[in-house]
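Naming follows writing order (A, B, C and D), and every chain is counted from residue 1.
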Amino acid sequence: MEGVMKRWELREPGRANLKLTSVAIPTPKPGEALVRVRAVSLNYRDKLILDSTAPRASREPLVPTSDMAGEVVATGEGVTRVRKGERVLAAFSPLWVDGPPVRVDGVIPSLGGALPGVLSEYVAVPESWLVAAPRTLDDVKASTLPCAGLTAWTALMEHGAPRPGQTVVTQGTGGVSLFAVQLASALGARVIVTSGDEEKLARAKALGAAHGIHRRQTPDWEQAVLELTGGRGADVILEVVGGDNLGHSVRALASGGRIALIGVLEGFEVRFPAVPLFQTHGIIQGVMVGHRRGLEELVRAVDTLRLEPVVDATYALDAFPQALEHLDRGPFGKVVVRVGA
Amino acid sequence: MEGVMKRWELREPGRANLKLTSVAIPTPKPGEALVRVRAVSLNYRDKLILDSTAPRASREPLVPTSDMAGEVVATGEGVTRVRKGERVLAAFSPLWVDGPPVRVDGVIPSLGGALPGVLSEYVAVPESWLVAAPRTLDDVKASTLPCAGLTAWTALMEHGAPRPGQTVVTQGTGGVSLFAVQLASALGARVIVTSGDEEKLARAKALGAAHGIHRRQTPDWEQAVLELTGGRGADVILEVVGGDNLGHSVRALASGGRIALIGVLEGFEVRFPAVPLFQTHGIIQGVMVGHRRGLEELVRAVDTLRLEPVVDATYALDAFPQALEHLDRGPFGKVVVRVGA
Amino acid sequence: MEGVMKRWELREPGRANLKLTSVAIPTPKPGEALVRVRAVSLNYRDKLILDSTAPRASREPLVPTSDMAGEVVATGEGVTRVRKGERVLAAFSPLWVDGPPVRVDGVIPSLGGALPGVLSEYVAVPESWLVAAPRTLDDVKASTLPCAGLTAWTALMEHGAPRPGQTVVTQGTGGVSLFAVQLASALGARVIVTSGDEEKLARAKALGAAHGIHRRQTPDWEQAVLELTGGRGADVILEVVGGDNLGHSVRALASGGRIALIGVLEGFEVRFPAVPLFQTHGIIQGVMVGHRRGLEELVRAVDTLRLEPVVDATYALDAFPQALEHLDRGPFGKVVVRVGA
Amino acid sequence: MEGVMKRWELREPGRANLKLTSVAIPTPKPGEALVRVRAVSLNYRDKLILDSTAPRASREPLVPTSDMAGEVVATGEGVTRVRKGERVLAAFSPLWVDGPPVRVDGVIPSLGGALPGVLSEYVAVPESWLVAAPRTLDDVKASTLPCAGLTAWTALMEHGAPRPGQTVVTQGTGGVSLFAVQLASALGARVIVTSGDEEKLARAKALGAAHGIHRRQTPDWEQAVLELTGGRGADVILEVVGGDNLGHSVRALASGGRIALIGVLEGFEVRFPAVPLFQTHGIIQGVMVGHRRGLEELVRAVDTLRLEPVVDATYALDAFPQALEHLDRGPFGKVVVRVGA
């Protein structure tokens, strides 16, 4: 494959330094596949990385973003896991195949961070980084699985899934929370959503949530959860707010319940009262996206459940800065960049 | 069984109101056993209850303490689980047989709290509250199992036990921590103890700990744990300090590691940074003693391992106030009251 | 409560010795509840017990069957778990609350076996044997949960539930298998049913199964499972046939898959080739109905999922022998006896 | 690295066709390490492969055996997981990193089978196949970990480890069984060994077993297990005999117990009665060695426990046929071939 391709790069810290450049299309080495990128889904984390003012350690440009769907257009020597023409996703933390997290210097290496990003017309990556795309989704929707989808999947499924008849609480209406609404209600769980926006609560109910709690009207929202569950509390809670909100989540927990701590929009330092966690033998588990086996299972689940990820808007590759601004405003679901014709 | 017996009672809040009284020996009702109490082990929680200034809800006197070893001397109609002459322990939370905690009004009912206490020459209790005592321990040592022993057991075993070669961190040298040192080292785990007292560290090492960290000399003790484990961190941590210490524990955690939150000596409100919990997919689990099945397993384990609980001192029944003062000073292991001849 | 009531009794081995008798309505003792039985669901096991020619050990008459739905009409002293007027189910193995099976002389005591049966207008039972009935089902349908429903629930849920996108195989169209079809498809699993009857396959598909395999037309049915799953195999298989069929199940298993061995219609001695179990690290687990906590969870699940158990026919109390004959013919789903007006 | 090396090869089926040849020392490709083999441990499986009369599919010679300890002497481009001079083991099924088995055409690819063997002075293998050797063992003992050691580890640890006070049954005194005796007793479990040889029982007890049962004197050996456990039965059983013996194992099981099916010396077709598995909710799990993460954990456990594998005899590389004959006679523990000076 010869020729040039477009990609977004950052050489100096700060979003203002983003540049759309032209570089040579890479050639896949032994064990690598060349993928024609079709869609790239954005995450809150991409904003944090682009807006960081810390000096960059590497002299290589940062190619941002982690989540892509595309098509294999060429393969290097010895590749057996994928073949030309196959639709694929890239795993978010591709060195972590299964089991407990595989870390390097205390951090799970991920695309668009310690590993190269995907906001490019083509990427050449080791074949072991790729997973077959879902048959039932187009590239735009498929591109939302590797980070937002897998985070919801891991939080719900990888440490004892909620059972039919159990209660799941999700917070807000970002991409992870909406995936969780769809997945948990498909499992037969009763889903309660918290949000500060009446209209978004209504849209979350349309996706399968049984109840909505307006966070500003009911700041002690755990009381509403206890009432809705006859005093039992919630069996699984996806905590995305952090800070003091974790204390509310702990007080909302059922006996034997579990909190998946996945986001900290209101504070990286989290706080909670110990006694309710004692009396429930409750669990708080940190969740950082998930492993490749989880992504493979999620793809099968999406195909079987015919689950349709919620995409709020799509943008052309040139319009990546506008897509980021949409992210700043707090979308309902995902913002996706279309790449190529 | 006729006659009178001694027991400690509290009718008004505050330790000063404790009284040693004489009351009739109870007669076991259908389904109950009458137990001649031989030894009662004290817990930090007994101090909290006795020192509380909150007005008491019940008009019945409070009989303090939860942990006893004794002998069945009579049985009511229909009793099949125990027989006369059998040595027994009482379960701490006797309504909780197995599985997730059984709560009433949000609290796990326990002896010496929502349920009657055992600081009495005799107690009549439902047969289902009793468990066979270990063959290899005398009554004084056996009495330490229901709360301190079971808490360590639950923290170590009931949510994925540490494996040989893994690292367990215990904090301080109270009863629970010393049980954990003995149990975890018997499992083949490498145990690291933290304490603010050099001599106590030495004694903990004599019980099986591989390493000691002086908490005051090394306030950021997680760095020492990371060094001792070649950067891997600890697989299981028994958190008894609470408050800000939980943050150190979270930073000391290995990938896939787990913190059992069992005590909060320095603060019921606990705090930690979210990022290290994300990067390890670490777990924080609240632990409140444990269920009856756990106590039955612990008894078998103690008999097989020939584990000898650490008793710092014993007191006569009359000297219960002096035993409490010993507890105030922070014992090394357990303080036990001998009951009867 | 005074007066007489009807109940079925067996004093000598053999179904021909069944008698409908009149006895005094019992008075609930302390800790007991008197239940007005409304519906009794029959199980294959009831046939085995009634048709056994072994001499009976007890001189008390056998009251057959285990599964009832009814209403509490009186309570004995000290009862707090249920109240008058409450609709209830009896747990199949009521001494087994949670955790591993509670056995007496190597057997899990169950109603209509080692414990009294329920084919009676009233039963007086310990309050701990009762569980709240589902709100969304009438008594006839509710009566099918304690044995057939709970067996399917335990097999699917209590040892790692199937995930959305995974494949579940159920065998035949008896009560347990049809519950499993309904539950597993509600969980997002893909369900494959095997049966020797084309029409029953069609009816199972109407309940949620994705595929049917005709067992006589495809004796090596595991090949069809492998084809339908792209060579992956089934993640969970409910084995009800036994004998040589277990070998087919083992060969149909996916990597990491699990067989719940719940029935042995074609042989109590089961056989399988070891190598496919090695290569999948597959699991075979014996399932004998389940514990009381499972029944409580199933009730919540049924109410949330609005799951409607399949009842093939109902009979009046007098017509119990005809109901047994229906069972002999192999019903599609459950056969239920209505008790009382 | 230039020059020639010796290695054993088989070009036609049958042990008689084994030849010690001289071939060029391989050069490590990108991502590969060249390992100087120091010791190779033999397994019963090697005999099965060498004695098979089935025509060979591949035209490449078979290099037999799977388990080696050695030293990295050179690394190819891009290797980061190991470095020159490091002592290493090769994983038995090196493509299976963690989680459920990774299969190709229904089989877990393993060294000396679908993947190349190690009975050679040097091997060049992908770096991902290698694991750091234990610090506390020499090469001969270390070479016994990848198959026999890991099989015992997987059987004991990867599906709920035995707890202190629980009972483990191991069968015979081959390499896997003796590892299990050592590991399980180090975990605080009570180990019962069955064997047909009084002297071997005595030696197994010297390694940590609490009891021995002579299989020929007590063919219904499950009765002895039940007596030794006060009727409870065994919590974990390592089944290596297969055939009808599985039925004895099932009858020896405790409530909630587990059988790891790891060998089938007396029959690949296994049989058992279903009822005792129903009444215990017991589990039978197929075990085929294990994954790379398990081997990494085993190495740490061996170093912490100072566990010394039992080696019955060592042979020089030239004497491989004699080592196989030793294997034919049934060693006590492992037979190892020393490679190089």
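Criterion: a contact is a pair of C-beta atoms (placed from the backbone, for glycine too) under 8 Å apart; a residue touches a chain by one contact, two chains touch by 3 or more.
For reference, the UniProt names are A, B, C, D = Alcohol dehydrogenase.
This one's a predicted model, so the numbers in the text were calculated from it and none came from an experiment.
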If I rank A-B and A-C by number of C-beta contact pairs, which comes first? A-B
Computed distance of Cα centres, subunit C (Alcohol dehydrogenase) from subunit A (Alcohol dehydrogenase), in Å: 41
Hey, what residues on subunit A (Alcohol dehydrogenase) touch two or more of the other chains? 99
In graph terms, with chains as vertices and touches as edges, which category applies: line, ring, star, complete, or other? complete
Complex contacts: residues of subunit A (Alcohol dehydrogenase) adjacent to subunit B (Alcohol dehydrogenase): 99-103, 106-108, 159, 231, 242, 255-256, 261-262, 264, 268-288
Of all residues in subunit D (Alcohol dehydrogenase), those that touch subunit A (Alcohol dehydrogenase) in their complex: 30-31, 97-99, 293
Inside the complex, what are the residues of subunit D (Alcohol dehydrogenase) that reach subunit B (Alcohol dehydrogenase)? 157, 161, 163-166, 183, 186-190, 297-305
